[in-house]
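Chains here go by letter, A, B, C and D, matching the order in which they are written, and residues are numbered from 1 within each.
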Amino acid sequence: MKLRRLIGFNLLTAVILGVIGFYVGWWLGSLFTSESVAYLKESNQHDISLFIGYFTGVLGFLVGLGFANYPVQRMLGKPASLREKETQGKTRYLGLCTDHKVVGLQYLIGIGAFIFIGGLNAMLIRYELITPNQHAWNGNNYLTLVGLHGTMMMGMMTSGILGPFANYLVPIMIGARRMAFPRIEALTFWLLMAAGAILMTAIAFGGFPTGWTGYAPLIDQANMGVDAYIAFFAIVGLSMCLLGLNMVATVITMRAPGMTWGRLPIFVWGQFSTAILMLLAPPVLISTLLMVMLDRTAQTGFFNDQIGGSSYLYENLFWFFGHPEVYILALPGMGILLEILPVFTRKPLWGYKLAVSGLMGIALLSWLVWQHHLFMSGINADLRPFYMLSTELISLPTGFIFICALGTLWAGRIRLTSPMLFCLAWLFNFLIGGLSGVFLSDVPSDVTTHGSFFSMAHFHYTIMGALLFSFFGGIYFWLPKMTGIKLNERLAKAHFWVMFISFNCTFGPLLVIGFLGMPRRAVTYAGYLQGANTWVSVSAFFLGGSMLIFIFNFVWSLVFVREPAGDNPWNSKSIEWQLPSPVPVHNFDRIPTFGPDPYPYGNVGSDAVPSMPAVTPARPTQ
Amino acid sequence: MSSSAADGNRRHALRIAALTVIATAIALPLVILVLGPNMPPGKDTTAGVSQVFDNTVLLVVMTPFTMFILIFILYSVLAFRVRPGDNDQRDGAAIRGHMPSQIVWLATTTAAVLFLAIFGSAELLASNGAGGGEGPKPIAKPSGSVFQVQVIGQQWEFTYRYPSYGGVETAQLVLPVGQEIEFHVTSLDAVHSFWAYELGVKADANPGVDNVAFVKVKKPGTFQIRCAELCGLWHGYMFDTGRVVSQSQFATWIAGQQRTFAGSQQYLPKYSLTYTPDPQDRAG
Amino acid sequence: MSVQAQKIAAVVAGVLAIGVGIGAYVTFLTGGPTPYQVPVANTASGKSVNLTLQTVATIGPKLAPNDAWVSYLIRENGVWHRSTVWTLPANTVVHVTLYNYDGQSGLRNPFLSQARGLVGGSFQLNGKSMTSINPDVASHTFAIPGLGLIVPIMGVDGNAKNQCGDAPCNVSMAHETITFSFNTGKKGHYRWQCFVPCALGFLYGFGGPMQTIGYMDGFVNVV
Amino acid sequence: MTELAHHSTDYSVVESESPDVMGRNLRVGAHLWSSATAFFFVAFLFTYFYLRSLNNHGLWRPKGVNAPVTLGTLIAVAVALSAIMTFAAARKLRAGDRSAFRSLGVVALALGLAAVVLQIVVFATVGFGPTDGAYASVFLAWSGFYMVFVVGTMYWLEVLLATSFRYRGHGAAARPAPGEASGDAHRMGDDIASPISLQSPGADAFAFTWGVLAGIGVITWIILYLI
C-alpha cells in the first residue's frame, strides 16, 4: 500500500512525466520541415519544437497527477463520480485533490510562491533604476526582468483571490459541500503551476523584451524566450476561464435552501462578478496568443503589416481581454473589503443593493473601455470621446463601493485589527489609484501620462494597493479559519505599517516622476530624475522587506507557536465562522437553511444585547 | 434608534460636513493658483497649455470628493473606534442604508463624470488634439497653414523628414518657432511612440500607419524626445534632444542639412506618409 | 531529534535553499560579457586607440551557441574574440579597422547609408575615401548614436571567389576593408548597434543577433 | 498543518447529495462553456473583418487565394446534420428510448468525425500557404482551431455513447462497483446511485453545446467560404 502510494499518481510522477513529455515534444518539433518554416535553419530559432515541448510537457505533468484517469475511464463508459473521497493526511496537498478547501490552500501556497518571485524581479528592476544608466543587469536582462515581473504578477494575481479565498469560502458561504466541478477546480490550480514553471524557463531561452503586453510585431520578432510568455499566458487564460466557469456554475446551482440572490454575502457577489469576466475575457486572449504562435511558427501574417496583417489588430484584441482583466484584479478585492468591514465595525453592510449593483456595473462597463489604452495610437481617433466617457463612467459604480464602505464605517464600533487596517488602506490606495486614473482617462492629459511611469504607478495603486492589500487582509482574516491557528497580531500590524508607508513612498513619487517625463520600461532616464528614483528604489526595498515580516509571521505562527485560533476569533456572524476551525471535510453534516439577513449585526436599540448568529448549521460530529 | 444616539450622529455629520467645506476652501485656491499652473508639461506650446489647463480642471473637480472621502475615513476611525480596554461588547447601530445620501452621492458623481467627459472632449477638439496622435485623418486640426514634419521610428532611432524642403531626411529634430507644426509619425518596423515631452506631443509609430499630431511652439529652446512604447533591446536608449529655433536660423540649418546629407538623399524613397521598405520580412 | 529541532532544521534548510536559488538567479542575470579594456597607444601626436573588428555572416559553433547568427568580432592582442562591450578612454581618437566578410543586405532606411560623426568627415573603403555608399549594397553599419557616429559597411559581392564560412575569417578570403576614426568625447556609457536588417530568419531582419548583446549590439564605456 | 491533515469527518452522518444536482451543473456548465467558446471565435471574427477592412498593401486576399467551396460546404453540412441528430437523440433519451439514442448518436459521431477528416483534406489540398496574405492566415487558423473544438466535443459524445452501450443491459438502477468511476482502485470513489440517471441531462447538455458549436461552424462557413 505504501509503495503503491509512492509510485502512484503524485507530484513526483507528474514532474518526471512533465520533463519527459517536454523532451519528446522537442524532438517531435524538430521533425517539422516545410518551406514556410525554412527560417528555422538560418535563425537558430526552434519555436515549433519549444511550443510542442511545452504542450506535451504540460500534458505529461497532468497525466502524472492523475488527471487522465477520469477521462479515460469515461471513454470506456465507466460511470461519472461525484468526486474522489478525500484521502486523509498531508499527501493530499501534494497532488490531485478535489476538496475545495484543499485546493484553496494549494492556491494560497502556490500563488504566494510565484507572487514572491514576481516581487523579487521588481526589487531587481528597482536596483537597476538607482542610476540613470544601465549598470546592473547585462544585455536584454533588464527588459526580461520587466516582462517576467509584469507577466508573473498579471498571470498569477488574476487568480490571487478567486483561487485561494473564493475556492475555499464560496461553497461554504452558499451552504454547499463542494464546487460544481471539483475536478476542473483542481485542474485550474495545477495548470497554473505548470504555467508558472514554463514562464520561469524564459530566461533559459534568451528572455523576452516585450513586457507583459507583448505588443506585435515586436513579439513576432523576439527571441525564443517569448514563446514561454505566450505558452504561460495561454495556459493561465485556460485556467482562468475554467475557474470562472466553475465559480459561476457553483453560485448558480449549488446554493443552499434560503440562500436567494438577495442574501448572497457581498464577498460571493464580488467573486461572482469577477468570475463572469474570467469566463468570457480569457478566451479572446487565448485565441490572440494562438495567432501570435502561428505568426512565429507557421509564418502567418496576422500582425505583420508586410503580408496584410496589422499591429493595431493585436492591440485591439489584447486590450479587449486586457481591460476586463484589470477589473478581474479589482473586483474580488472589493468583495473582501465589504465582507470584512461589517465584522469590525459591528454593523450591517451599508447599502447592500448599491454595492451589488456597483460590482455588476463595473463588470459590465469593463467591456466598453478597452481603447482608452490606445488613445495615442491613432486608432479610431474619432471614437476617443466615447471611450473617454465610458472610462469615466466606471467611476460611478466604483463610487458605489466607496459610499458603501464609508456608510459601513459610519457610526460603527470600529475595531482596528490587522484585517481592518488593510481594508482602510485599501480605501486610501484605491482612492489615489482612481483619481490618477481620471488623468489617464482624459485624453488631453493622457498625452503626457500615457506610457509613462504615471500610468505604471496608477495601476500599481489599483492592483497592488488594492488587490494585494485586500489579499493580505483576507489572509489575516481567514487563515485562522483555514488552518485553525492564530497569526501573531503584533507582527501583522508591523507588517501592515511598514507595507503601507513604504508602498506610498514608492508609488506616490512615481506618479510625479511620470508627470516629469519618465517613460515606462526604459533602462535609462534623464539625470534630473536620479534623486527621486533613488528614493523610490530605497522605499521599494522597504516594501520588499515588509513581505519578509509577513513570511516570518507566517512561519513563526504556523510552525512554531501554533496557538489555536478557536472557531470564531473575530466574533463574526457569517456562516464560515460558525463551523469548527479548520472546516471539516464535508463542511456541513446537514445542508443549512439560510435566514433573510446576511449581515445580522447591529443593535436595534441602544440597550440591545449582543445579537445572535443568523444561521446555526449543525456542527459535524467530531 | 434612541434619540441621544441620533443627536450624536447628527453632530458627527455636521462636523464632517464642516471639515470638508473648510478643507476644500483651503485646498482649492492652492490647487488653482499654485499646483495647477505648475502642472506638466509646461506652457511653452499650444498642446502644453491645453494639457496644463486640463490637468488643473481635473484637480479642481477631484478636490472636494477627495477631501470628503479622506476626512470621512479619518473622522470615523478617530470618533467611532473602540478604545483598547473598552469592554462594551455592544454592536454599532443597525443602519442598512440611507436613501437621501445615496441619491446625493449618485447625483454629484454623475454630474462630475458627465462634466469631465464633455469638458475633455471639448478641450480635445478645441486644442487640435492637445498634441496627441490622431490617426491618419485628424478630426481636430488647426485652420490655416501647417508645417509638415515626418517622424520615422525605426529600431532604434528616430529620423525626420521635411517634405517642404524636398523631403530632406535628418537625424536631429529642429523646429521653427511660432509655426503650426503637423507631425506625421510612422514606423519602419516595431511599434514605437514619439514623445516630445516639453512640447506635450505623443503619438505612436506603427508600421505602415500614418499618425498625425499638431503643436505650435511659442518660444525657442530645447526639448527631450523619448520612445514611449516598448520597441525592443534599445528601447531605453531611443532618446534625443530636439531644438526650437527662429525662422531664419531654421532656414540656414535646413540648408546645411541638405548639403551634408546630399550623399544619401539621392537614394531616399519619394516622400510618402508610410513606407514599405525593402528588404521584406524574413529576407534579411 | 525533538520535534522542535526538526522544525528548526526544516526552516533553516528551506531558507538556505531559497537563498541559493536567489543567488543563482542574480548571478545568472549579472553574468555576461566582461568589458574588453582596449589598449591605449601613446604616439607622438598624443593618445590614440586602435580597434580592429570583423563582421561575419555566420559566427559558427566554435564561438557562440547560435552558430547561424551574424556577428561582430574584435581582435584582442592578435586573437579574434566575440566580445562587444569595450572600454575606451575619453576625449581620444579611435582608429577603427573593420574587415567585413558578410554579403550585401541593404538598408531599410537609405538615410543611414551616410557616414556621420567621423574625424575628417569621411571613411576609407578599401583605401578609397567616401562619405556614403549605395544603401542596397550595405552589409552592416557601425553606429554609436550617443556619439552621433554611424558608418555604413559595404557588403561583399555575392559572386566573389572564396567566400568566408564560419568565423573567424582571415584576410585571404573575400572581404571589404573599412577604416575610419572617431573621437570618444566625454565620459559616458553608450550603446552601439547595427542598423542593417541583417538577422536572417527574423521579422524585419531585426531579431536574434540584432537584439542580443554580443552579436550585432554592444556597449562602449568611455572612461 | 497537522489539524488539517488529521481532521476527519464521520461520513455516516453526511447525507448524500441529491442526484439531480449533477444534471443541473451539467446544463449550466454547458451554457457557460458555449459562451466561452463563442468569445474564443469572436476574436477570429473581429480579426477577419478588421484585416479585411484595412487590406494593408492590398494583401488581404491576393489573386489565386481561393477557398475550396465544395469541401467547405460539405464540412458545414456534416456538422449541422450531426448537431440535428444529437438533438433528436437527446429527445429520444428523454422519452426513455435508449437504443434509438445510441443509433442516432453513432450517426452523429460519424458525421462529426467526417467533418474533421474533410477539414484535413482541405488543408492537404488547399492551394495557398499561411504566408499568402491575411485571408490565408485567418482561413487556416480559424478553420483549424474550429476542428480542435469539434474533436473535443466528439469526445464528449463518445463518452455518452460508451456509457450507454456499457449499461445497455442494465435497468435504470445500474450500480457500479466502488472505485470504478475514479479508475484507481486505491482511490475509493463514492459514485452516484445510477450512471443511467445522468444520461439524459448529459445528452441534453451535450446537444446544446454541440448545437452552439455547429452554429459557429455554419457562421465560419459563411464567412470563410461564401463572402
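Criterion: a residue touches a chain if its C-beta (ideal position, glycine included) is under 8 Å from a C-beta of that chain, and two chains touch if they have at least 3 such contacts.
Note that the structure is a prediction, hence the values are computed from the model and not measured.
Of all chains, the one whose Cα centroid sits at the greatest distance from that of chain D is C. Judged by contacting C-beta pairs, the busier of the interfaces B-D and A-C is A-C. Remark: the per-chain Cα centre closest to the mean position of all protein Cα atoms belongs to A.
Measuring from the averaged C-alpha position of chain C to that of chain D gives a distance of 54 Å. Chain D has its Cα centroid 48 Å from the Cα centroid of chain B.
Centre to centre, using the average C-alpha position, chain A and chain C are separated by 41 Å. Taking each chain's centre as the average of its CA atoms, chain A and chain B sit 30 Å apart.
Shown for chain C are the residues in touch with two or more other chains, namely 199-204, 206, 211-213. Contact of a single residue of chain D with at least two other chains is seen at positions 56-57. Chain B has residues 189-190, 208, 232-233, 237, 276, 281-282, 284 in contact with two or more other chains.
Every pair of chains that touch is listed here: A-B, A-C, A-D, B-C, B-D.
Chain contact summary for the complex, chain A toward chain B: residues 39, 42, 134, 139-140, 142-143, 209-211, 213, 215-218, 221-222, 299, 304-307, 310-312, 345-354, 374-382, 384-385, 388-389, 392-393, 395-396, 399-400, 402-403, 406-407, 409-416, 424, 427-428, 431, 435, 438-439, 442-448, 450-452, 515-517, 519-524, 526, 601-611.
Listing the residues of chain B that touch chain C in their complex gives 152, 154-157, 159, 169, 171, 188-190, 232-234, 237, 261, 263-265, 267-269, 277-279, 281-284.
The touching residues of chain C, counted against chain A in their complex, run 4, 7, 10-11, 22, 25-26, 28-33, 65-69, 188-189, 199-204, 206-208, 211-214, 219. Residue ranges on chain B touching chain D, taken from their complex, read 208, 276. Partner chain A is touched in their complex by these residues of chain D: 1, 3-11, 13-15, 17, 21-22, 24-25, 28-29, 32-33, 35-37, 39-44, 46-47, 50-51, 54-57, 59-60, 129-138, 140-141, 145, 155, 158-159, 162-167, 174, 176, 180-184, 186-192, 195, 198.
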